[in-house]
Amino acid sequence: MSTLLANFSLEPLTAILLIPAGSAVLLALLPGYWLAARCNVLATLLTLAAALLLLVERPQAGTYLFVDDLNVVFIVLSAFVGFTTSVFSASYIGHEVAINRLTPRHLRFYHAMYQVLMFAMNLGLTANNIGLMWVAVELATLTTVLMVGIYRTHEALEAAWKYFILGSVGIALALFGTILVYMAARPVIGEGHDAMVWTALIEKAESLSPELLNVAFVFLMLGYGTKVGLAPLHAWLPDAHAEGPTPISAVLSGLLLNVALYALLRFKMLIAANPHAVAPGPLMVTLGLVSLVFAGFMLYRRRDIKRMFAYSSIEHMGIITFAFGMGGPLANFAGLLHMTMHSLTKSAIFFAVGHVAQVKGTQRMSEIRGLTESHPVLGWGLVAGVVAIAGFPPLGIFMSEFLIVSSTFAREPLLAVVLVFGLLVASGALMLRVHEIAFGAATGGTAEVEASYVPLFSHLALVLAAGIFLPAPLVAWFQTVARLLG
Amino acid sequence: MDLIAALAIQGLQMALVLALAPLLLGFTRKVKARLLRRRGPSIFQPYRDLLRLIRKEVVLAENASWLFRSGPYMIFAATWVAAALVPTFATGLHFSWTADLIAITALIGTARFFLALLGMDVGTSFGGIGASREMMFATLAEPAMIMITFTVALVAGSTQLSAIAQFMLTSSSLRVSLGLALAALIIVALAENARIPVDNPATHLELTMVHEAMLLEYSGRHLAVLEFAAALKLLLYISLIGCIFLPWGLAQPGDGVALYAVGLVTYVGKLALGGFLLVLIETSIAKMRVFRVPDFLGIALMLGLLGTLLRFVSRSF
Amino acid sequence: MERNFLDIAHMLAGGLVLTSFMLLYQDRMYGLLNVFALHAVVLSASVAWQAYIQGAPHLYVTAAIALVLKAIVIPVALHRVVARLGIHRTIETVVGIGPTMLAGMGLVALSMVVMLKATATADPLAREDLAFALSVVLLGLMMMVTRRNAVSQVVGFMSMENGLILAATGAKGMPLVVEISVAFSVLVAFVVIGVFLFRIRERFDSVDSQTLDDFRGERR
Amino acid sequence: MPLTVALWSVAVLLSIAFLAMMGSRLRAASVTVYAACLATSLVNLISAALYLLNDSAALSARLPIGLPWIGANFRIDALAALFLVVINLGSAAASLFALGYGRHETAPARVLPFYSAFLAGMNLVILAGDAFVFLVSWEFMSLASWALVMAHHHDEDNRRAGYIYIMMASFGTLALLLAFGLLAGPTGNYLFSSITGAQQPEWLHGLVLILVLLGAGSKAGLVPLHVWLPLAHPAAPSHVSALMSGVMTKVAVYAFVRIVFDLMGSPAWWWSMIVLAIGALTSVLGVLSAMLQRDLKRLLAYSTIENIGVVFLGLGLALAFEAAGMTAAAALAFTAALLHAFNHSLFKSLLFFGAGAILTATSERDIEKLGGLIQPMPQTAFLFLGGCLAISALPPLNGFVSEWLLFQSVLTSPELPQWSLKLMVPAVGAMLALSAALAAACFVRAFSIAFLGRPRSTAARTAAETDIYSRTAMGMLLAFCLLVGILPGPVIDVMAPVVEQLVGRAMPIQGHDAWFSIVPVAESRSSYNGLLVFVFIFLSTLLAIQIIHRFASRSLRRGPAWDCGFPDPRPITQYTADSFAQPVRRVFSAVFDARERVDMPAPGDARPARLEVSWRDYVWETMYAPISLAVQLAAEKLNRLQFLTIRKYLSLVFAALVILLLVISIWT
């Protein structure tokens, strides 16, 4: 495979960018739904293949693109989740077209935007130039804004508009932060491109002016923090998830939040490498705990199933930010592991929720009862997903929560108690809702789900496997990055 | 050679206990009649009653189960074993090591457990009254009995009755905790044997009887066995008080036949004294309302607990 | 010669902050759009002057883009939108003009303190530029927060982006990619806003974001 | 060897679970699953017992799964082997019982896979060698039992019970997680072997004790954390409730013993104050609540709480003696606690099997609607009666032996140096005696209302004896109860290595006494011979029967019940469960604020008279209701943040930015 690509002079790194971009253009022209969906799946499959190749032979760090221990895992993860979501979206959109909530004209726009989103995320992950990373995240935001508004209902428009305004403000702050980083780097590295190249920045990090880095990190934290969905800046996330098509919610929750947090981690590495700069820990810890406890309580009053799981994403992003805020090799390793597990589990849950919404014809939880009765496989899949996200062993998320809580309690007992309180409140709400949805006498439609459950159960299988056994190379990568993160 | 002698003495004790139980009952009824200025039946009347009952026909209720018919023997056996374990005329008998005071209390508990079940078996409301009240008394009497055991065991350093009796024989000092234990034991004895302040043994007045209510459905040989068990229980409590608090005259293991005879005589004397005192108490107090009895038994529990606390606090009490 | 170059750059950046204050002061829709056009003109002037000082020709391109798009095309389009939607009467602010101006003062003071302390080592021109840019950004953000009308919010957003362009040009030698991206975002913003405003107009017959809020998720 | 056998049996159980998930539709699925579980449990039981009997040296194994850098560690030592025996004996009995009981299961697909997963989880907890494996298997056990509690999910109370159970379980796990976090320290050495070695400050161990009491205590059912137990245990199918009550609570006891006695080494004296207080409170409150219940399985669940209180009493005494350096007394108390835990797993499973048998025969759990079951189901009645005798701690069965040992250990405590303990131990002894007496009253009530008297409903009238498997399972357990009751000496000697390992000294060897009597401290102090007591009772019963049958008349006549001349065959005239409990309820009314309201209609008014009995569960009202109210209130208040306008959300972002800038400018 790599020789094939090589003689096409297509390095895997450039391949994961060109394939989505090219297929976006192609899909914009393809009229029919059936062909477009298959093409979309094929494109994401090729991207996944290219990403897997990156695991084998890692290219040199260029000025614009580079691959290191941190982003290789997230590239493969987003390629894999992108592929499984495209398989899910093929059947989901097929059903949406059947009940003509979406006209064929939309589909061309939808598939093109899907691939543009993939391109933007891959670009964001591999960008070595912090300006290029900003543009990629901005592009990803704009595509998801358009996708959220695709249904043209009142709520969808309101959600998209809110997402656009808050997203743009966030991105503007992030840009200001990037400019400040450039200003800090200019006297040390000199003007022009190489003051924006991350690999150069990380080497010279000690000599950058600490005060400017502190202010920059505040703007970056608030800017990219809005894209991560942390508590005071989260307002766009629940409505964007609830009103957009479910595949987009899966990708949004599973990948886009990770890409934004990945960008934040890049800057945290810079700050961590500079001893004089003020430690970013307390800021991230406070934001993380506030999001965790806030989202935990917001879960109780939710009526829409997708909005509930959106708040669960805010909660988990809070836990991850808290872990990185605590710092130390153990907590950072747990944070990275939690990011991976959360994106796999949350996208699996959204697959299940997508099927449930289509079969039961509604997203209101009060109208869904007895799912394990009417659709046993789907019902138990959703229960397994929720049990995983609530942090029950033997699934993967428990391992990261185990490491975070136990390492925190030994250092900061009070923080750990608040963390445990948040976890308990959140899992209380999630289990309460699952009890209502999955058990009791079955109500609503009992039509069989014609889509395949492969994406849903492949994710859950991966999470279960990770809960029991972590492959050695993955552990090695995470440990090196954990030390780097400081 | 001495093994056979020891077994013979143990057998003598078991037979003695059987023989004296109805006699004790007859004696108490005789003394009670005398105190009430009546002649009263002869002291051997209980023997005649038992023989009469044995020869009478048994009338069973339709829905009486196998438990109803086998229960009485179980109760009689448990009470008889418990009574035989309490030293009467001699300490250190061959089988005295099989069970201590706690085990004897528990054996009485087993007997009471079965008695309550028999009361409920036929499903009559009077059986229910008797069983529920008996169990309510038990919930307070048994802890009181355990507290008394603790006090006595802490004083004597052992829960074996023979060891306690030998300790009481040797050290003659009067102790406050022992006094409390004696008072508590008397209260528990009255409650357990359904004597006057708690329950009237003589009456068949439906609403007041507790012990009798459980035996209501019984007739013939089963009733005889149960009456015998009740008599044995009375004898057990009196010989228990005698053995712990009036240990004089108990023969030591390995003494001559004369000392055993002296032990026997003093034991019979103790029974007579106990019977007389019991009748004195009965004729001087009126029967309590049912829900005054928990407070009465509560006093016993508090006395026992106080005694134990005093022993825990320091050696001298 | 060097001295008055810096003074002119300071004057222009200060002028931009002043125009932001004028934006806060407006309570008529048309007035708002005209002041926004002025805001864009001052921005392009300062960018052009920066280009002249730093001798970086690409900055002239940015100045031109800012001038054409932000000073002419967008105000005219928004003007027509406002006319068609018939919302040119008053803009009701949330807090009232007086307090917003005071808050604006506070924000400028805050950005001065933060920026000057942070950039103690950098050269004086960049320090001033960043301080003014931050205050324009904060004023733009405050405008979005204190206005109820969707169009005025968009204008606030655009003025914030002008602050960003000022900051970007102030950072000497920043690669062109940033300028294009800022322009790119302005372009898309215009397209999206236009599309949305028309669609919103279709759906709700008004642009007041008050009615928009009735359709927040799970409201019914 | 036993460790590999145990691990392989866990693997087999998990594969059974997986296969059961696939093939639960098959007709013979339930029989094959239960038979396979029975076989695996027996194999595990025998290997653990053999290990315990001979050398019982600690063995450990490491698998490359689990936490990446320390792998998954498994360990078996004397303590683990003893609890493996308890668990596998209980699961073997439950599987045997389920062979018959399982046929009536309405939704086998929801019970079979989780049943063997539950067994695997329990075994794994015992074998765990490091904190991560321990907590994963602990929570996996809770998850499997939660799924079993939700098996009959159509019933609203079962769902509510399932929810409360899973929440208490995750609370317990998080408490244990914090405890292990403290023990492992910031570097995160989660291995049990390295934790025992580590030197840690005194206050840290105190805090860990509190956390372990919260964690293991909530699973065992100690009083403030017991509310889920009477809801969840009855909701599960009977053989699972037997496992949950009889065996899972013992896993919780194992967790407490492993962490407090093994990992934390020398205790401080004030630890025993807390454990004794909680144990005493649990035992009395548990049995008093059991006295008020009408649902048979809830009654048994509350009585589990009482017995767990007694076990923790023993453990508290052991802690007190160990802190005071009195190792002989500590060994006695610790052996009493372990023996009571073992006994409880036997007779509680037996009683739950009885309840299951009644449930299949009458599909009724409320004893008010039963009555007279001794006629149609004589053998079940006999076995249930045996269970009731054992749990009421009456000789010659096993309940009395552990109770007797506990009383002996209370008697050895005047030498304790601390004044507060001197005053506390007698009170604890009194409460222990009170709870034993109340247990007897409670089970007289349960047995007599359910089995004796006349049937109160058609279901009770048309009941039929249960199948052979159930009765053999119950018979086996009753035989074990009798065996332990008669020959306690050998059982205590088997436990000696466990006590030696954890308390430093074992009880004196009981084996060499000729007549198998047990002598806890010294010959002179006290001894008890179960065998002779049983033989004496048996002989004297035979003697009495022989004498009576030789001399007495043999004639027997059936007639209507005498009932003092008011023969009324209607079952309504019988005593009911509430009326039987009325005297005890009135005596202890303060505990539950029990009130009786009689509504007597005026003469001539045709309205029926009504007697309403009401009591309050103070623990629920003072602890759990406020917490859930507070959470709902907070959720309500915060919910408004979902419905703000875009402008308000922007002001949130703006405020955050301004505040952070202020902080940065002030701080640096």
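First chain written, first letter: the chains are A, B, C and D, and each begins at residue 1.
We take it that a residue touches a chain if its C-beta (ideal position, glycine included) is under 8 Å from a C-beta of that chain, and two chains touch if they have at least 3 such contacts.
Small disclaimer: the values here were computed from a predicted structure and weren't measured.
**Student:** Going by average Cα coordinates, which chain is farthest removed from subunit A?
**Tutor:** Computed centres place B farthest from subunit A.
**Student:** Determine which two chains are connected by the greatest number of contacting C-beta pairs.
**Tutor:** If you count contacting C-beta pairs, the leading pair is B-D.
**Student:** So, what's the distance in Å between the C-alpha centres of subunit C and subunit A?
**Tutor:** Centre separation, subunit A to subunit C: 31 Å.
**Student:** Per the centroid of Cα atoms for each chain, what is the distance between subunit B and subunit D, given in Å?
**Tutor:** Using C-alpha averages as centres, the distance is 35 Å.
**Student:** Counting only Cα atoms for the centres, state how far subunit C is from subunit D in Å.
**Tutor:** Using C-alpha averages as centres, the distance is 70 Å.
**Student:** Roughly how far is subunit A from subunit D, centre to centre by C-alpha average, rounded to an integer in Å?
**Tutor:** 44
**Student:** Scan subunit A for residues touching two or more other chains and write them down.
**Tutor:** If we look for residues of subunit A contacting two or more partner chains, we find 161, 165, 169, 173, 211, 214-215, 238.
**Student:** Name the residues of subunit D that each touch 2 or more other chains.
**Tutor:** 642, 646, 650, 653, 657, 661, 664, 668
**Student:** According to the definition of touch, which chains form touching pairs?
**Tutor:** Result of the pairwise touch check is A-C, A-D, B-D, C-D.
**Student:** Would you tell me which residues of subunit D are touching subunit B in their complex?
**Tutor:** 371-372, 374-375, 378, 381, 385, 389, 392-395, 400, 403-404, 407-408, 410-411, 413-414, 422-423, 425-427, 429-430, 433-434, 436-438, 440-441, 444-445, 447-449, 452-454, 515, 517, 524-529, 532-533, 536-538, 540-541, 544-545, 548, 551-553, 555-564, 571, 573-575, 579-584, 586-587
**Student:** What residues of subunit C sit close enough to touch subunit A in their complex?
**Tutor:** That would be residues 114-115, 117-122, 126, 130, 133-134, 137, 141, 144, 150, 153, 157, 160-161, 164, 167-168, 171-175, 177-178, 181-182, 184-185, 188-189, 192, 196, 199-200, 203-204, 212-213, 215-218 of subunit C.
**Student:** Can you tell me which positions in subunit D touch subunit C when the two form their complex?
**Tutor:** Its residues touching subunit C are 642-643, 645-647, 650-651, 653-654, 657-658, 661-662, 664-665, 668.
**Student:** Across the complex, what residues on subunit D touch subunit A?
**Tutor:** 64-69, 109, 131-132, 135-137, 139-140, 143, 150, 153-154, 156, 159, 162-163, 166-167, 170-171, 174, 177-178, 180-182, 184-188, 190, 631-632, 634-636, 638-639, 641-642, 644, 646, 649-650, 652-653, 655-657, 660-661, 664, 667-668
**Student:** Along subunit A, where are the residues that touch subunit D in the complex?
**Tutor:** Those residues of subunit A that touch subunit D are 161-162, 165-166, 169-170, 173, 211, 214-215, 218-219, 221-222, 226, 232-233, 235-236, 238, 278, 283, 294, 297-301, 328, 330, 372, 376, 387, 390-394, 398-399, 402-403, 405-411, 416-417, 420, 423-425, 427-429, 431-432, 435, 439-441, 467-470, 472, 475.
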